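In the two complexes below, chain A is the common chain; its partner is chain B in one and chain C in the other.
What follows is the complex of A and B.
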């Protein structure tokens, strides 16, 4: 009951109205000047085309492909990033020996890797997945590393005096202490995963929403381009919202003790 | 030698903690500084010994050496019940000054207290030991709360309970009541007395509060000099149990207070 009321209150009415108003302006502007703007379809045409694409199933198939690659790549990046981040954060020699290389690699924008991935893997899903994993590993790795290094020395002393094993210290002290930082990294990584999946589909892997966008452009169907444009946006919003719901369900990541109140 | 301490018997008490020639140098190279210089001390079993000294005199460093958190220089000998200390010894627990930073904020009070017991005891016994420890410090009804929901004094009691739950033979306390208000401090001092009497644990208690040291201790060690050594070793033969008002009005308490005060001032 209370949750439903909270949900209603959380809907940003003003924000929705602005959105509707913008769509209205767009619609009337295109209709009023329809001769000069043949490449800009009115929202009503975009909506109609979206209906067609939904019915034919292509939009859903494209969406599922992009969603799958994004999530799979992001999960792989999460495992790699957290593992490497903990290793580098907890073992000083590893950090000292690798930090310079990592800083250099991290400075290279992941998109730069597109030609190389294409060269190695060709126009394939492997190209797409490689790019997604590479790009979204970085924020996870860096945030995990910093979270692990930022564990307060007092907590390390507590773990030592209670004679916790290395594994217990990692699991019961370091990981929970670093969890907020790791989650931030995962959230950044998810946004990047989607970006790189779309980029790869635009230029590398002929599949998914990115390819749908390119095909619509080549076929001179502007309203279809806008359908893909909005679908990609909605996917981004959906992924972020899903992650937030998921995080809130992990015990210990909600503000401490709010669960019971 | 041991007429006064709690639980004292006529038999000579064994040495719980022995420290010989403990030196500590902190820092590396030309910037290093000698903190402790060849400290000798013995803590008898069941004894409550305060370590006093001015701020920066090396009290905490000494406690960390005894607790195996800090490795002293080569040639130093530290042992707990005959076992050389190389890392935190079994049966010794630490109570840190900064209670807020020493509790795990994502764990409830009872889970914090259970931290050192998990995986080492059967579930039932773990429950009992945690409940007993919380009962002892008077926090049984706050077991399901998170640390941030408790006052500072209560948080420090949680830390004390976490130590007690381990059923320790030795407790090392680093200015545990230093940042608490006077009333909370007095009540925790009396709680510590009860714990000390009932467990018979050997306790080393670092403080900069002279009244607190005299009130609680069987013996007071005064650190002084740079690098520091034990410059005074003062017996406190006040009757137990002690009382916040009655004990502090005894002429012997006042005499000791003055003696310790002069010792600390003179120690420089």
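What follows is the complex of A and C.
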């Protein structure tokens, strides 16, 4: 009973009403000024088009493509970023002899590499995946590194006192202590992965939601553009929420990746 | 923090950021920049690139050619206007994001009812990947300078808005009581009490927003080819002028380093003169 009441209270009625009201304003505004605003479709047209695209299966296929590349790229970036980050965070000479290079490389906005990657890998899913992995590795790497370096010296002393092996120290002391920071990096990496996937699909890869958006634009179908636009937004929200749920199930962490003390 | 997109970690408590930006013991020991000998791997890579360039594919021109490419652009009178356009879009977009983010942040932070009513809409808008906003923005605003600024603002807004909102909750109630007992009017209270107390929070937001604004500026330019450094990068690539492309990527990296330096300088200044409450 109490849970049901809580659930009801957690539904943000005012918020949902505001959203609906905004949609209503949009609808009436477009209908009132339909001659001037030929580019802006009313929400009802967008919804109708969304129904068509859902039934024909194109929207789902595009969604799955973008989802797959984003997740695969993000997972690869997670493995690479955490491994490199731990290595650089724990082994001082490696940090000293390479960190300045990494800081400079990191200053190159991954977005600027998109045209180059398009040329090297062609209009393919390889371009998309490479860009996604490259861009989302950085936040994971940097946050893992910071997390590993910030492990309190007392904890390391404890590990030494207990005569833990290097592997045990890593698994039982460093990783748990650095976990909140790593999770923040993974969260940032996930949003970046989606952005880069969409960018790659917009400019070159012949598949996915980004490509659908471009095709709708070329076909001069504004309502279809909005369908893809909102789908991309929902995908972003869904991915973020899924990650939060996952993180919340890891013992000892809060949904925001910060450890409760 | 990396030059990231608006993400889950947008809202950073001002106090935590202050601790990070303050010249604390740990910070001083490691320095602001890691040891310079760490540049060795990158240097070696570039030297190797230069030496083997003859055998590499055409799209990996040797680093010395990058400078030549930039020189060509400069002589053709293309580099400076493009850089100016990028800086302009970045500045206007970030400026608008600061004004709008602070204003909306104040509105939703001051009233729990407004906050609750707007939250789902704002959450949804925040989750929109900026790349998807670009085609919609060109649909509604055309391939214009205004469109560029709007896209940049729509992406850079969020960290400022969220930090203003959470900053407002942390304003010392004693300050507000003092304002009330001095019978300050609404506008005076805002100008003399609330805004100064909020400044550190707003700046934490700006610190996150500035790199985002730069990245999104380049993104819009690459996607729409309107003008600026990003448009030149796309143009060079399409004309197979790879050396120019790399030179321009280098310019973009310099912009990014400059923005980071500027923001941390500003942040340190603000935190020194307006330490956050609590």
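To be clear about the criterion, the second predicted complex is superposed on the first by the 245 of 261 C-alpha atoms of A that agree within 3 Å, B and C clash if a C-alpha of one lies under 4 Å from a C-alpha of the other, contacts with A are read in each partner's own complex, and residues count from 1 in each chain.
In this section, a contact is a pair of C-beta atoms (placed from the backbone, for glycine too) under 8 Å apart; a residue touches a chain by one contact, two chains touch by 3 or more.
The model shown is predicted, which means the values in this text are computed figures rather than measured ones.
Steric overlap between chain B and chain C is absent once the structures are superposed on chain A; the two fit side by side.
Between chain B and chain C, it is C that contacts the larger number of residues in chain A.
In the superposition on chain A, A:164 contacts chain B only, with no contact to chain C. The angle formed at chain A by the C-alpha centres of chain B and chain C is 90 degrees to the nearest 10. Once the two complexes are overlaid on the shared chain, A:115 sits against chain C while remaining clear of chain B. Contact with neither chain B nor chain C is seen for A:32 once the two complexes are overlaid on the shared chain. Once chain A of one complex is fitted onto chain A of the other, the partner contacts of A:242 are absent, as it touches neither chain B nor chain C. Within the superposed three-chain model, A:55 lies out of touch with both chain B and chain C [touch as defined at top]. By the touch criterion stated above, A:228 is placed in contact with chain C alone, chain B being left untouched. When both complexes are overlaid on chain A, the residue A:192 reaches chain C alone and has no touch with chain B. Within the superposed three-chain model, A:219 lies out of touch with both chain B and chain C [touch as defined at top].
After superposing the two complexes on chain A, the shortest C-alpha to C-alpha distance between chain B and chain C comes to 13 Å.
Where the contact sets of chain A with chain B and with chain C meet, they give residues 256-257. Residue ranges on chain A touching chain C, taken from their complex, read 12, 14-19, 22, 39-40, 95-109, 111-116, 118-120, 138-139, 142, 184, 187-188, 190-192, 194-195, 198-199, 202-203, 209-210, 213-214, 217, 222, 225-226, 228-229, 232-233, 236-237, 240, 243-244, 256-257.
Contacts from chain A toward chain B in the complex involve residues 152, 154-155, 157-158, 160-164, 168, 172-173, 176-177, 179, 252, 256-257, 260.
The residues of chain C lying in touch with chain A in their complex are 2-9, 33-43, 45, 59, 113, 116-121, 123-124, 127-136, 138-140, 214-215, 218-219, 222-223, 230, 233-234, 236-238, 242, 245-246, 248-249, 252-254, 256-257, 260. Those residues of chain B that touch chain A in the complex are listed here as 67, 69, 87-88, 90, 92-94, 96, 98, 101-102, 104-106, 108, 115-116, 118-119, 144-149, 162, 166.
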